[in-house]
Amino acid sequence: MLKTQEYCLNFGPQHPATHGVFQVILTLDGEKIVKAEPVCGYLHRGIEKLAEARTYTQVIPYTDRMDYLAAMLQNLGYVQAVEKLMGIEVPERAEYLRIISGELSRLTSHVLGTGVYALDIGGFTGFLLCFREREKMMDLLEELTGSRMTLSYARIGGVADDAPEGWLEKVDRLMDEMPGYIEEYNGLITGNEIFQARTKFVGELTPETAVNYSLSGPVLRASGVNYDLRKNMPYGIYDRFDFEVPLGTNGDCFDRFYCRVREMEQSVRIIKQAIEQIKEVDGPVMGKVPKVLKPPKGEVYHEIESSKGIIGYYVASDGSNKPYRVHVRRPSFVNLGYLDEMVRGVLIADLVAILGSIDIVLGEVDC
Amino acid sequence: MSDWAGVFIFFTVALVFGAGGIVTAFLIQPRRSNPVKLEEYECGVPTIGETWVQFRTSYFLYALLFVIFDVETIFLYPWAVRFNNMQFFTFIEMIIFIFILIVGLWYAWKEGALEWK
Amino acid sequence: MEVNKEKSGIETVTNEIWAPEYFGTNPDYHNMYPVKRVISAGPLEKILNLARAHSIWPLGFGLACCAIEALMGANGPRYDLSRFGYEVMRGTVRQADVMVVAGTITKKSAPFVLRLWEQMAEPKWCIAVGSCAISGGPFVDSYYVIPGANKVVPVDVYVPGCPPRPDAVLEGFLMLKDKILQKRKVVTG
Amino acid sequence: MKERVKAPVEEIRQKFPYVEVDEQQTVIVPADKLLELMQGLKNEFALDFLTNETAVDYPEESKFELIYNLNSICHGYTMMVKTSVDRDNPEIPSVFPIWGGANWQEREIYDLMGIVFTGHPNLKRILLDDKFDGHPLRKDFQWESVRE
């Protein structure tokens, strides 16, 4: 066999398919990848070090800027960790508002994930179609929290303020239309033969390696592992809603993508049930929380199910009003740990499909 | 002589159109050359390892097949333009020409030149 | 196009942020490589600026959350960037006209932001989107963040916000158009 | 919140005598017995999902505290395991052979905190560039602020 020469290629920081500044140094033999070495850290802003110099409430805006696509779920993780540390009771209405805005945030994140994945595979119209719905959802979130993306809506002990007049009816109306929109996505993107040819049986992941490499979120569930924190370890009031957890069969890029689309349908169901139940619940939106939060000395680790996977907050406090140490277990960062072995022997075009299906967000990878 | 003038005019207009764009761009463009601009662009970071590498044959085979069938379509154009006032014989002749190329395509397909090794 | 870079107030950059291996130790790089032309006529530039201003090709290069708003949101169906003709998002640096720095520049990404800027073809501009690109934003006292894109590249238009709304980014593009057409845009208030 | 399945901390205490358990059900193990305990936890107690691994710097007690959070997917309980390592030569065996997920998390701890993990496949800096000196997340890390 004639010897072929390998060469190095930068799948570099500035690249349309890397969802931000993320570099993969590829050793290539023709089009086949021999070795892939991911290099991240181009967006490392040292949030964990900054959090040590901020009070407990001032850390909330930093959690928005990590996974800036589902900001409410990041706030929720941090806020529930501190509440667990201080043992604060959250009023009923605040719990419901957290669920509704959290699931809306998950919907915007999954819609963007669907649209950008269609863009990665080459379908620009899929991107435009998904962004049409995303703008509607961001209008609702902006009406509730005042900001489109970096919401900072959760507070330790409750939420910032109550839903404005008529907001819940607007959300309800949009949720009635969502199944129709999701049918459109399926028709345009999921049913597309070229899309299926590019993503089916590409980058397959066995359940054992997925669990061993502690991948989480749609990446784990696409391999058939039934592990969703909202079901297995319910936090907040998730046990009052019934919804299924979509699972994939052979863990390839198509299953990861399709799990996200079906999770959107489940989020719609949760929001509709939450809106039904919040009608007869009213009361304060903020629990009894001292002006200056001084949690007792101790540590807590609390994790919730964010749109990219399990987001976990480890908060250690030394009794002062500033956290002693905040560590964030970031799903996109851990999901990338297995990228090197996963793309060995794969063509470059499939690397784009695999990287898009893991759905990383660089603010979260580099923290 | 006159029809040759037509060809000559067509040729010079094409030349002027092409070269003219390049020359005016050279004259009026703002130019700032510095060492980094002349380096190769690879996603914003310097390249790793040596980049003068012999490429694999499958790239060359794909290019070869493309050129063959591209040239074939060029031959089809004049025939298609003068299609309606031609006798039946030229139609048969062109069908034979196309058939020969289809045999070539079938052979390349069978030999696996299209699959990516 | 005589956008006078010297007056745009780029202060000398501390050596440690600047990437020394690219430009030796001379931090003020403007007069090292002046812009040269074979023919430079005033009215000719005005005509060329008309074409340049109405079809700026942005470089698809998003760093952080501002990229979602500036590049994706502005290109989305509602805040349509292609109404102004700026929607051709180029992947390579060689074909781009404006570098939209949308996000935080960290010490690890400063050399490649600078390299991208130097490899862009003249005439080129830079829009700094978001408070991280203007002055470091919420991460200004981090050990790894460069406080502002103007420490690395000369910036023409600043779009404040964290992240700015997509229509603020459109306003930034239109201000850049006015700057290219030499129309002095007096910003009141 | 609904009462969760409790982690079988008592059986662990009987099975591994060198382990203490504090009031929050976190298992504290000396550094040299770490791998043996972790292997036992994964095999007998089905704690097959390492969600989180992080380190905290306690300069006054001159030690680094390493925190491992383990989940069990089939039984549905979680557990926190803590070890501590001396601050002057922070050297601890890597748990990468047991859970593959520790690969990048340990590289991040090495990068930001400076704890060396023996037995790690490629222990290099992951977030900061290689010319960066010092480990930022240590309490005594100084850097000049760039605020004008």
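Points to keep in mind about this one:
As written, the chains take the letters A, B, C and D, and residue 1 is the first residue of each chain.
The rule is short, and it goes like this: a contact is a pair of C-beta atoms (placed from the backbone, for glycine too) under 8 Å apart; a residue touches a chain by one contact, two chains touch by 3 or more.
Because the structure is a prediction, the values reported are computed rather than measured.
Counting C-beta pairs in contact, the pair that comes out ahead of the other among A-B and C-D is A-B.
Nearest to the global CA centroid, when each chain is reduced to the mean of its CA atoms, is chain A. Work out the mean CA point of subunit A and of subunit B, and you get 46 Å between them. Between subunit C and subunit D the centroid-to-centroid distance comes to 43 Å (mean Cα coordinates, whole Å).
Here the CA centre of subunit A is 30 Å from the CA centre of subunit C. Centroids built from CA atoms put subunit D at 24 Å from subunit A. Of all residues in subunit A, those touching 2 or more other chains are 12-15, 41, 44, 46, 49, listed in ascending order. Touching of two or more other chains is recorded for residues 93, 108, 112, 116, 141, 143-144 of subunit C. Within subunit B, the positions touching two or more other chains are listed as 44-45. Viewed as a contact network, the protein chains fit none of the simple shapes, being neither a path, a ring, a star nor fully connected. All chain pairs in contact, by the document's touch criterion: A-B, A-C, A-D, B-C, C-D. Across the complex, subunit C is touched by residues 12-16, 20-21, 41-47, 49-50, 53, 61-62, 65, 68-69, 112, 116, 128, 131-132, 134-135, 148-150, 362-363 of subunit A.
Subunit C contributes residues 1, 22, 32-40, 44, 48, 92-94, 112-113, 115-116, 118-119, 122-123 to its touches with subunit B in the complex. Residues of subunit A that touch subunit D in their complex: 40-41, 44, 46, 48-49, 209, 211-216, 225, 227, 232-236, 239, 298-299, 301, 303, 310, 312, 314, 316, 324-325, 327, 329, 333-334, 336-338, 366-367. Subunit A contributes residues 4-5, 7-15, 23, 25, 30-31, 347 to its touches with subunit B in the complex.
Those residues of subunit C that touch subunit D in the complex are listed here as 107-108, 136, 140-141, 143-144, 146-147.
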